[in-house]
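The structures considered in this document are given below.
There are two complexes below, and they share chain A, which is joined by chain B in the first and by chain C in the second.
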Partner chain A sequence: MALAAPILVEARRFPVGLLLVAAPMLLLVVFVLVPAASAIVSTLTDPRSGGPSLANYRTLLGDPLSRGNLFFTLGSTLAVCGLLLAVCLPVALYLRFSSGRLPAFVQSVAVFPLFVPGIIVAYALIRFLGPNGSLQTVLDAIGIHGFRSPYLTPAGTVIGLVWEGIPLTLLILLSGLAQIPNAAIEAARDVGAGRLAILTGIILPLIANSVTVAFSLAFLGAFGAFTIPYLMGPASPEMMGVFMQRTFSELRDPAQAQTQAVMSFLFCAAVGVIYVRSVIRSRRRGS
Partner chain B sequence: MSKLVIDRLSKRFSGTVAVADVSVAVGDGELLCLLGPSGCGKSTVLRMVAGFENPSEGRVLIDGEDVVALPPERRPTGMVFQSHALWSHMTVAQNIAFGLRLRGLARAEVKARVGSVLELVGLAGYEARYPAQLSGGQQQRVAIARCVVLEPKILLMDEPFSALDAHLRVRLREEVRAIQQRLGLTTMFVTHDQDEALTLADRIVVMRSGAVEQVGTPGEIYAAPATRFVASFIGTMNLIETEASGGSAGLAGARVGGDLPDGPLTIAVRPEDIALGEPGWTGRIERVLDLGAFRMLDVALDGGPTVKVQAAKGVPLRAGETVPLRPLGLVAYGGDGRARRASIEFGNLTNVVSIHG
Partner chain C sequence: MTGGRNRLLAALGLVPGVSLATLLTLFILVPIAAVFLWAFAEAWRYPSLLPTRWGLRYWEVMLARADVWTALSTSIALSLTVTLLSAIICLPAAYAFARMEFPGRSALLLSFLATQAFPKFGLYIAIATIFFSFGLVGTFAGVVLIQLVNTLLLMIWIPVGAFQGVDRRLEEAARDVGASPLRTFFSITLPQAGPAIAAALLLTFVGTFYETEGAFLIGAPHVRTMPVLMISLINNQLVVQYGAVLSVMLWVPSFLALLFARKILSARTIAGGLGA
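Up next is the complex of A and B:
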């Protein structure tokens, strides 16, 4: 009887748990999975015969403009991810291993963009970096002329996306660094490790999972970004988000827009696989 | 074989004194325990020796050389941490080899030394395991191996067994003692566990509020605690409060005399230093606790407090019985907490009881 009682309690709880997750699961199926599956199926269907076909993908990959946009998006996204890690990792290391008022101030400044909507960020950057913006005015005032604004260039998109991505990347790296006990660093110093050896031999491997998560989320955010590339990027080549929207609403070609979406999804899913494999690997060795 | 000297070491953290003027020397191959309650400054002393804290004042000399200005990575010390502090992304062999690789040793030598130290700590065959695949005791052995493989002049251990269960702690401390003696390592060991200190150490430094209360061998510290704090901290002790006046004090019908200042007085008697059946006090047994190897009695003294008395297993004793008893040794502590020469008299019987002079 003593053993049976908890089992009965579990049995009674089970339907309650199912009921609790049923509503969000239903929403997920109806509003995400069904439209996504329907879009994937429609990209694999010949619009005339209704039979299976890869024609949409042949069109996408055969069109130099579409292909260029895809590679431009991929290149810009990788640049954003690289820059985000290059900017955020030193800041995160400083914040993790420092104490006092200055690190607290630096952290609040670094996280500030999290609370600013993307469109405001874009306009603020245009006012700062654009032609005759604040930066050019200051440079002119100190005698540096010939500033070429990154506004409406690929660099504009990258700068905007990096600015927007800093808070999330920094917070993820900080949470990873917070998992490293001080004793692990002290043990490394104790066996003779200097700063570089501690960084490369201890800290970076221990936060590899956080770096992968930060990279994945930065990649997903940048690959599908719309506002910043739309307002700060060049007219051509375009990021996939802008290209999809224009294909759908201006070119009125929903089949190609869907194909572009599925292609974007495949790139993002590949990054997702890297992330999942990294998580599984780290769990296996218990780190 | 090396010698460590801590000379007038002090540490203040934003006005709070954590360590106050601590001086102690650890001889070649000696195992010295820093013992004290949490927050007494013992770990801070150890961390200053390792280089993780900078002393506010004082020197740390290893073989005569002041190492205070050296960073931890350049000190000839090795530290075993309370939390093991193994690197979870490295295997056992990689954890141990990390320090050797930093010293630029050839791969074959690294492998040989890792193998030999794993043999020493009883973990041969565990090279490819990750720390998460080891038990707490095995992890601590790896941490010890990681230290020992670098052949430090001074081994520092910061409560290395506190995260382990009682049985494992006992076994591991015996193993650590054996390794330390085999390698002749000069060792400073921090613990708040008095049993650990008494069984492991060549000498013990008892600390309280950042200062040293007493330095001595385990036997000296146990038999003759220099202060009331040490008496209360080490082992089981009956601490009986009384008042001295004119060089003597009354205690349950007996008279304690000696070098006693007027004012509050504490008489400390260990339960095993009270002989049952000897004329002196009379008391009523209130409780008998069978602790396996011996029995512990609570005896209410006539006209006095209740004291703990250790009795042999075979003696037939029951709660409610009245028994004669007499202290065979005691220490008296004045209001300043320092030990005083004292003796006790029961009517015309004079006992010999002074331990401290």
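Up next is the complex of A and C:
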């Protein structure tokens, strides 16, 4: 009996495991891989002859408005990523190398947006930064006039996306920093390395992988964003999310919307691959 | 002499912390605080720093609106359906990923990262086009399906971590004293993995409740969730307080729920759920 049981388990294990993971795998295939592949294939097909055709892409790239939106999205996305790293890297370094109540407070404030849904963020920032909003009221009260609201400008989108992105970027950087042994830094300090040398020579190389993950998630998040740019950004040029939604729902042109989606995939492909590879690398190292 | 110098150094050491705390508070907390002020303001004329008349009048107005209650029940029904389906689909898979051997196990586990590796709205457009040809646009089922895709990574990766963290020796001990595999699972494995799984369920529920983009793209015009209602309130912002009241009403319960999740899951785990 005691001998038979493990053999029975061995024999059953293989199909049971695969069977249990089949359901989510099926969802993944049907709702991620198939739609993505079908968008790529159908936008490259001529609807009448059924043969391959670049007509959809010629329409997209031939239209200055579409081209403008594409590069506007790329520019805004890079601005968001740059700002996020510029804000979160110093905060993460500060949190890693200090302790007490003040850092605990800083961390909870910085992680707070994780608990605020995007739609409420958009509303709050509009009330705060919008015309006659709280910020303008305060500035007026202390005698600073001429405030120009970023609401419905490209800056509005960037500010909103940075607000939303701070917690995730910070947590990823912090988890990278947590893996740096104190001993490595103390050893460097003992041989007389300055702060800058420790930062560039030890810390940054060790967290390079976390920085990559943080950057790629921020990039994909901003490029694929909808709510914040829809509510806070300008009507023209538009971020791709807003442009695609309008093409799909208002212009009722699914073929062009899909072409825009595939163009977004193309712009994000390299970043998506880098993201998956860095996660795999950090999991290998961690386990 | 040295005492004074030490105190000066200590004060200087606080400078980075105090300035970061101030800047982050101004940028992150103050806008949310402004929403709270608006929600309890009956009148707030422009140059005034604080509301000119306080009161709950707009709460009464919002609570009397039928569309608010319809959206609320739609949102709750959606979130419950999605969380339940996600649990049924993902938790057994998470257990298998954590504890069973089968070919391609780690590659399949990693493949769920694909849900994060696309620009999200582009993927939604691709899904919406397919839904369109199946008549799923504007239906409850369509919104459930698109939101379900969003929950996969979190509902698999966090429970996988939880099941891997269970002490195998305790399970073996239970088996040694004669407990059946099922009994061992329910008395030993589940209680240890339970808190993290509960937190994953909570995160999924709250995340689905506030999911805006899929619901907006697929649900319109027939399925209106709370966030979709918020969008229309923001777009026709005739009365500022409507949006403010709705924000406060919706956000406070979710905030408390998420704080509870945060107690169980470390920030590291939440970031880990996204593959960091």
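The criterion applied here is as follows: the second predicted complex is superposed on the first by the 261 of 287 C-alpha atoms of A that agree within 3 Å, B and C clash if a C-alpha of one lies under 4 Å from a C-alpha of the other, contacts with A are read in each partner's own complex, and residues count from 1 in each chain.
Everything that follows uses one rule, which is that contacts are C-beta pairs under 8 Å (C-beta built on N, C-alpha and C of every residue); 3 or more make two chains touch, one makes a residue touch a chain.
All of these numbers come straight from a predicted model, not from anything done at the bench.
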For this session: Check chain A with both chain B and chain C modelled on it and let me know: fit or clash.
Result: fit
Exercise. Does chain B (first) or chain C (second) touch A:Leu33, or do both, or does neither?
Worked result: second
Exercise. Is chain A touched at more residues by chain B or by chain C?
Worked result: C
For this session: With the two complexes superposed on chain A, say which partner A:Gly192 touches: chain B (first), chain C (second), both, or neither.
Result: first
For this session: Would you sort A:Ala257 into first (chain B), second (chain C), both or neither based on which partner it touches?
Result: second
For this session: For A:Val116, select first, second, both or neither according to whether it touches chain B, chain C, the two together, or no partner.
Result: second
Seminar exercise, completed: Minimum Cα separation between chain B and chain C after superposition, in Å, equals 11
Exercise. Inside the complex, what are the residues of chain A that reach chain C?
Worked result: 13-14, 16-18, 20-21, 23-25, 27-28, 31-36, 38-39, 42, 90-91, 94, 98, 102-103, 105-106, 109-120, 122-129, 132-134, 137-138, 140-141, 163, 166, 168, 171-172, 174-175, 178, 210, 213-214, 217, 220-221, 223-227, 230-231, 240-241, 244-245, 248-249, 254, 257-258, 260-262, 264-265, 267-268, 272-273, 275-276, 279-280, 282-283
Exercise. Which residues of chain C touch chain A in the complex?
Worked result: 14, 16-18, 20-21, 24-25, 27-32, 34-35, 37-38, 46-49, 89-90, 92-93, 95-97, 100-103, 105, 108, 110-130, 132, 145-146, 148-149, 152, 156, 209-210, 212-213, 216-217, 220, 227, 230-231, 234-235, 237, 240, 243-244, 247, 250-251, 254-255, 258-259, 262, 267-268, 270-272, 274-276
Seminar exercise, completed: Interface with chain A, chain B side, in the complex: residues 50-52, 71-74, 77-79, 81-83, 85-90, 98-99, 102-103, 130-133, 143, 146-147, 150
For this session: Sort out for me which residues of chain A touch chain B in the complex.
Result: 181, 183-184, 186-194, 197, 201-202, 205-206, 208, 285-287
